[in-house]
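Letters A, B and C name the chains as they come in the text, with residue numbers starting at 1 for each one.
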Amino acid sequence: MTRINDIRAILQVKGVSKHFGGLVAVNNVTFDLPEGQILGLIGPNGAGKTTLFNVINGVYPATEGRYSFRGKDVTGSKTYQMAHLGLARTHQVVKPLDELTVRENAMVGACFGSKDYNLSNAARVADEVLEFVGLIDRAEQPAGSLNVAQKKRLEMARALSAQPYLLLLDEALAGLNPSEIDAMLETIREIRDRGITIVMIEHVMHAIMNVSDRILVLSFGKLIAEGTPEEIANNDLVIKAYLGDPKLAERLMQQNGNGE
Amino acid sequence: MEFLSFLVDGLLMGFVYGVAAIGMSLIWGVMKVINLSHNVLIVYSMFGVYLLFNTLEMNPYLAILLMAIVGLLMGILIYTVALHRVIDAPQLSTLLATFSVSMIMTGVATALWTNSPRNVDFSLGSISLGPITLPGTRVVAALVAVLAAAGLFLFLYRTRPGRYIRAVANNRMAAEMVGVPSNQILALSFGLGAMVAAISGGLIATFFPFNVLSGMNYQLKSFVVCVLGGLGNPFGALVGGLILGALEGVIPIFIETSWVPVFEFGLFVVIIIFRPSGLLGAKQ
Amino acid sequence: MKNWQKHLGLLLPVLIIVGIAVGVKLTGKPATREAFFTVLKAIALASSLNMILGYTGYVSFAHIIFFGLGGYVGFYLVSAQGWSLWLAMLAGGAAAGVLAFLLGKAILHLRGAYFALATIGVNAAMQAFVTNFEPFGGPIGMNLNFQVYQQYGGAAQALETAFYVLAGIALISVIVSYLIRTSKFGLGLLAIREDEDAAEVMGVVAPNAKTWAYVISAILPGIIGPLFFFKNGNIEPHDAFPLQSSIELIVMVMLGGYGTVLGPILGATAYQRMRGYLLTSPIFKDIQLSVAGVLLLLIVLFVPAGVVGWLRNRFPILRRVLQ
């Protein structure tokens, strides 16, 4: 049923592991990511999801394995090199550039990403993006003065203004209330509709089941399941992994029952 | 034989360097602050001992004890006035805050006591250990230094405030969540660091002359010692002190004395570059 | 927007320096000129420090070593090798730049307090080294043969020329500072200051940017050094690498407002004038350091953004002019 074979894979991860001394955070993960999809990455806390992002994004070198981006082997590249190739990422704990204005924050993404814009073009792109995420009215405010939801949007704006091919979102919905979540999900769909491939780490189960085209499940660093939201919701291994979190398991079962 | 004499001399000095640095290392370990007022804490104690000795004819070691208490209070005061407000601000703020305290107190000291060198004219004769002759004051200084370090160790590991200090050093947020009064603990930690610095200053005054600017020199050496022993590892500081003392004692045999500081600070920079956690590694 | 309106931020900085130069010329008094020589020197040095401290966020307690090394190299070339002062100044700048490049490679990867500590060690090591280095005169330093001044029109004329040359250099320093601040390179530096890891994730090549900032920050002090010691007639380790100077520069930057073009200028001017006043006043002479310390503490505790930063926050309208 999947159409993976006829769509180009924008990201190919082969046997990637990350060890921290004796701790194996990511264990032999392999998957392909077709262009233009929204891929959900879920798993209990400590499963290695953010670590996997950190490896792909260049923050940590992989202990084992290789990964390619847009057909090019980029194993071991640094974060700024990945940015230049068109990979952008948001962080679980947002990292706004506090004393710079909202616009300046977005401009950094535009100036130093793969598009390498000059200052005036970057300002133009930044404003477009700020309009898109709904922060244009605050363009002149220092980033440090925003509230959490706004900072999350700024984090996303920064990533988008680099006009990336692939966007890694790390818990973009954490800390948001239900209406903010719905708004953010809308934005994420619009980003995908513009042709940007997205990988999302999330714990807000109904949201990620709702918006993802495919889902990967990590547990203790290992990839234990891969498939459509429906397939995942019915997967015994996945439910077992989440049994440590009964609420989540229950929601998963509900998902299955309601066929949402 | 000469080598041995130099080595022992250096080691004795090393104990004092170690104790001078323990305070700095403790403060870094607990609150990630580089205490640039370390130098004035040393100098004020030197002058305190000098004045008490000269005007009241007090036994220097008694004076040191007194200055230790003064140091503790000064440290708590410095923390409360200058650091408390910026303890969570970016590191530049705490650096400049402690530095400004140093400027203020050095200025006052210069106005009060001028630049002239002072000397605590006190001698305990010499002690002969086999082939080596050592000044009594140096030996006693080393002993007192060890006692001070031991006292600090006991305090940190055998008392409740000590446990709180270690908790805050480990993870301030977690400590606060279980009810540790972190502000008071931070003030106390700074006070302890100041106290130990004061003790070392007083000890140095018993066998070296000094002036209002002497503190800078010992502060620099304290940096070197801390980095040798691992920033944040107070007892590594003692070991680091011994290493520095031994090197200072022995190196002049091989190179001209005036090159020793170059060697010292060069070593310091090299260690920071390659092993910022020091030769022994930082305490967690 | 018209071109001149875009560059309003340059207005005040340039006016201040030109104002100083013109003012001194008008009064014609050597004493005033000498007083403002130190002010201009402070402005140029503080502005250059601002590049690594204010823009990039790396606290260097060793900024004065570029001034000192450049000073030594240039002075040596003039007094021992008979070079022209102007070439010697450029050589000093080049030497400082090379030092900054090498040093940067060694220590710029250190973060926060570790970097600061390393600079403290470097400053001390540098001073200790030069004290021992015979070709530079060791602990005694070097002296300039008075005859050399004849080449520049005599001692009095030389002093005057030096002042205007310094004014020119200070102007350049400020313009460079402005150009960087308003450039893409500058935006990258600011991003590094705010959050180096996030900046790298966005594509800022931090190692290169930092090295460039460091080298650029070193060149101007390296050029000024020879000029200063030429005027002095001699150079000694103690004068060339005083730790206190490095710290005073930090105070100037913080006082005026780090990360702004105007801040270091105001801070340097205010601090130098205050220092000059305190040193000559009988009451405050001894506690000049204390007064400066109190000032610094107040800034750090209550106005961390400095005067210009505070003004920009309080009166956003003025932002275009107060950059």
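Rule of thumb we're sticking to: a residue touches a chain if its C-beta (ideal position, glycine included) is under 8 Å from a C-beta of that chain, and two chains touch if they have at least 3 such contacts.
Here the structure is a predicted model, which means the values were calculated and not measured.
Q: Closest chain to the protein's overall Cα mean, using per-chain Cα means, please.
A: C
Q: Where centres are the averaged C-alpha coordinates, which chain has the largest centre distance to chain A?
A: Centroid comparison gives B as the farthest chain from chain A.
Q: Provide the C-alpha centroid distance between chain B and chain C, rounded to the nearest whole angstrom.
A: That pair's centroid distance is 32 Å.
Q: If you average the CA atoms of chain A and of chain B, how many Å lie between those two points?
A: It comes to 49 Å between the two C-alpha centres.
Q: Using mean CA coordinates as chain centres, what's the chain A-chain C distance in Å?
A: Here chain A and chain C have centroids separated by 44 Å.
Q: Which chain A residues reach two or more other chains?
A: Counting only residues that touch two or more other chains, chain A contributes none.
Q: What part of chain B is in contact with chain C in the complex they form?
A: The contact residues of chain B facing chain C are 28, 32, 34, 82, 85-86, 89, 91-93, 95-97, 99-108, 110-111, 216, 220, 223-224, 227, 256, 258-259, 261-262, 264-266, 268-269, 272-273, 276.
Q: Help me check something: in the complex, which residues belonging to chain C touch chain A?
A: 182-184, 187-188, 190-191, 194-195, 197-206, 259, 316
Q: Note which residues of chain C are touching chain B in the complex, please.
A: That would be residues 57, 59, 106-107, 110, 112-114, 116-118, 120-122, 124-125, 128-129, 131-132, 139, 243, 247, 250-251, 254, 286-294, 296-297, 300-301, 304 of chain C.
Q: For the complex, which residues does chain A have touching chain C?
A: 57, 59, 78-80, 83-84, 88-89, 91, 95-100, 104, 107-109, 111-114, 118-119, 122, 140, 158, 162
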